[in-house]
Amino acid sequence: MKTLFNALAVFTALLLGYGFCQAMYVAPTEATMGDVQRIFYYHLPSAWVAFLLFFVNFLASVWYLVRRTIGADALALASAEVGVSFCTIVLITGPIWARPIWGIWWTWDARLTSTLVLWLIYVSYLVLRHYATGGQVPVLAAALGIFGFLDVPIVYMAIRWFRTQHPQPVIGGGQGSGLDPTMWHAVLWNLAAFSMLALMFVWVRYRQALAEHALEEAHAQASLDYETEGAQ
Amino acid sequence: MTDKTQQQSAVSENGPPKHEGGPHPPVVGECGVQSAVSVRDVVRHFGRFAALRGISAEFAPGQLYVLLGENGAGKSTLLRVIAGLLAPSRGSIRILGSENIRSVATRFGYMGHAPLLYDEMSAIENLEYFAALYGIEDRTRCEEAIRTVGLDPALERRVGQYSQGMRQRISLARAIVHGPELLFLDEPFSNVDVRSAKQMTTLLAKMRDTGTTIFVVTHQAALMEPVADESIVLDAGRLVAREKGIPARLLTPYLAEESAALRKQAEHRRFEVEP
Amino acid sequence: MTSAPGLWAITRRSLAKDLRLEWRSKDAINSMLFFALLVVVIFSFGFDPTAEESRKIAGGLLWVAILFATVVALNQTWTRELRNQVLDAYRLSPAPPMALFLAKTVGNFIFVSILEVLMVPLFVVFYNLRSVGPLWQLLVVAVLATWALVVNGTFFAALSIRTRSREIMLPLILFPISIPALLAMVDATTSILTGDNSPMFWIRLLAVYDLVFTTVSLILFEPVLNAE
């Protein structure tokens, strides 16, 4: 396992490096926005990866409620934490992009707003995990994880309709404004790189969560054995 | 009789023969009577604290069992696990022949340390509500239950204003209104006046005589002494002793020394779980 | 012996019990009503609009005010069941957990509706509101919106009884997930009041939201109830 992890880590680093080259040097400069637009190559993949991770959280939550395996809970926790991290990247790169172009940090643009709500939902998930007491944290968290993910399509629909009713400047020019084919290379390479990066982070966090659980079990087992050893 | 009976006819006080895992088979005792409650290798921890450290026991029906032990020995925890309010961390429970406790919910009753009643309703209102949860819509049964514990069903006063003795008795009435064949009581006599306590004890004995299996957790062993069939002593999450009736040495309120001695003995008698 | 109790019978019984208990300890509803009044008054001080503007913002102000009042009401949903550990008695019985959840949700719905009946006329008075669109549409929005807040609120209140900082936990987990419903109820109300747009999309969205989350709450309530 460890060699596989190390190999993948190196591979991820290479991908990130290659993606960086693609984004910064190979991809052409955008006509209207200039070089600032290059942040898009990190903004978009982060969004996709975050969304993918929240989907993984949903699956892990459902799996946990059905099977009650501790691995499912560890995966749910890991994917939520890493997902929130990538979501934070989206929320930071968005305004960084908007400011030079539009002169404003935030416009309640449809996609960015939806991402903000997504971020809020999963941060509240992490807050619940932190504040719940007792051994039933996984059950409660799994329930909230399911609620949260089912809300996602509704959030997107609601905000998109709201924005068609009350239009505002759109950060990023939207998908529909057409990406030059040469730009797609940069997008896809960075998407691959970020996906691998997310995988590595989740892997590490997952193993850590399992280790924490094993430690609790070991302590409990030790207190069982303590009595058997004739201690008074 | 099935094949299983042949295998398990030699069941001893130490619990059923250990299986590799898998479902918990029904255990049939020497008289061919199925256990009312069957506990197998039950472990329960809260974080790093092990409240129950491997308890295995069979309990025959129609007996009154008294669970004794120091505070923190795990008596209430064990009762909650058996009643299905807490899931065991390991091990399994069988009640009335079934591992699915919900499926036999109508056949057992539970009286907790707390009253499990609504303070702002009268006795009869409380009973009617809880009886309805068991599918009983008959008001007279509720009145009957209240009378059985020696109180007046016509009393309009809110339960929150009752004395502790009266409140515990209504709590008992709630636990038996659906005519259960198995009853769990957790500290029923705490802060209760002597008259109420004696009355509850008599009632419990009468129920046992008609075939109800009863488990009582209490610190007041002396109260239970005339009616107890078996006493079960827990210490630090382990079952350390099981005796007929309540022997004199267990009647003292503080069992610390006794428990230590019993624990030492128990180590040689394989009450604990294998690691 | 006793037969397995029916879902609707238990729901009715539990709801009747809750209403009776609420009636007897009137302090809860009284303080809630006063709180609702205070919220409306304070919002009125904060925003002092002309008649034209007021139609545009009243929807938002009203629903935010109702949201805050609802959270305060929801927080005590399960408190009564935890006193004397009486929730254990329900868990031990063969009664279906779904029935308990439905009873609590409907009870909260009634409770919040009473608050709305107080707050809405006050808003109308303070903001000199007059609706351009039909009133029946406002009623539909109110019913769907209230249910949306109450169904998730009741479920999350049940989640938060197993947490530290119980009172703050409920709004923390309720608000993010309620955002699309809030958007819908605010925009629908504004659309109807101003007559600018059709509220139909929002009404459909609220209906979908209600359906999805009522179903999920009913399915997931049992493990949450027995999480000890």
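We call the chains A, B and C, going by the order they appear; numbering starts again at 1 in every chain.
Here is the rule we use: contacts are C-beta pairs under 8 Å (C-beta built on N, C-alpha and C of every residue); 3 or more make two chains touch, one makes a residue touch a chain.
All values reported here derive from a predicted model rather than from experimental measurement.
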Per-chain Cα centre nearest the global Cα centre, belonging to chain: C
Of A-C and A-B, whichever chain pair has more C-beta contact pairs: A-C
Maximum centroid distance from subunit B, chain identifier (CA atoms): A
Distance from the mean Cα position of subunit C to that of subunit B, given in whole angstrom: 40
For subunit A paired with subunit C, centre-to-centre distance based on mean C-alpha positions, whole Å: 31
Between subunit A and subunit B, centroid-to-centroid distance (C-alpha), Å: 49
Residue numbers of subunit A (touch at least two other chains): 134
Shared-contact residues (touching 2 or more other chains) in subunit C: 228
Of subunit C, residues touching subunit A in the complex: 152, 155-156, 159, 162-165, 169, 172-173, 175-177, 179-180, 183-184, 187, 197, 201-202, 205, 208-209, 212-213, 216, 220, 223-224, 227-228
Of subunit B, residues touching subunit A in the complex: 43, 45-50, 53-54, 89, 236-238, 260, 263, 267, 272-273, 275
Residue ranges of subunit C in contact with subunit B within the complex: 1-5, 9-10, 13-14, 17, 20-21, 24-25, 80, 83-86, 88-95, 228
Subunit A residues touching subunit B - in the complex, by the definition given at the top: 134-135, 216, 219-221, 223-225, 227-228, 230, 232
In the complex with subunit C, residue positions of subunit A that touch it: 65, 117, 120-121, 123-125, 127-128, 131-134, 136, 139-140, 143-144, 146-148, 150-151, 154-155, 157-159, 161-162, 165
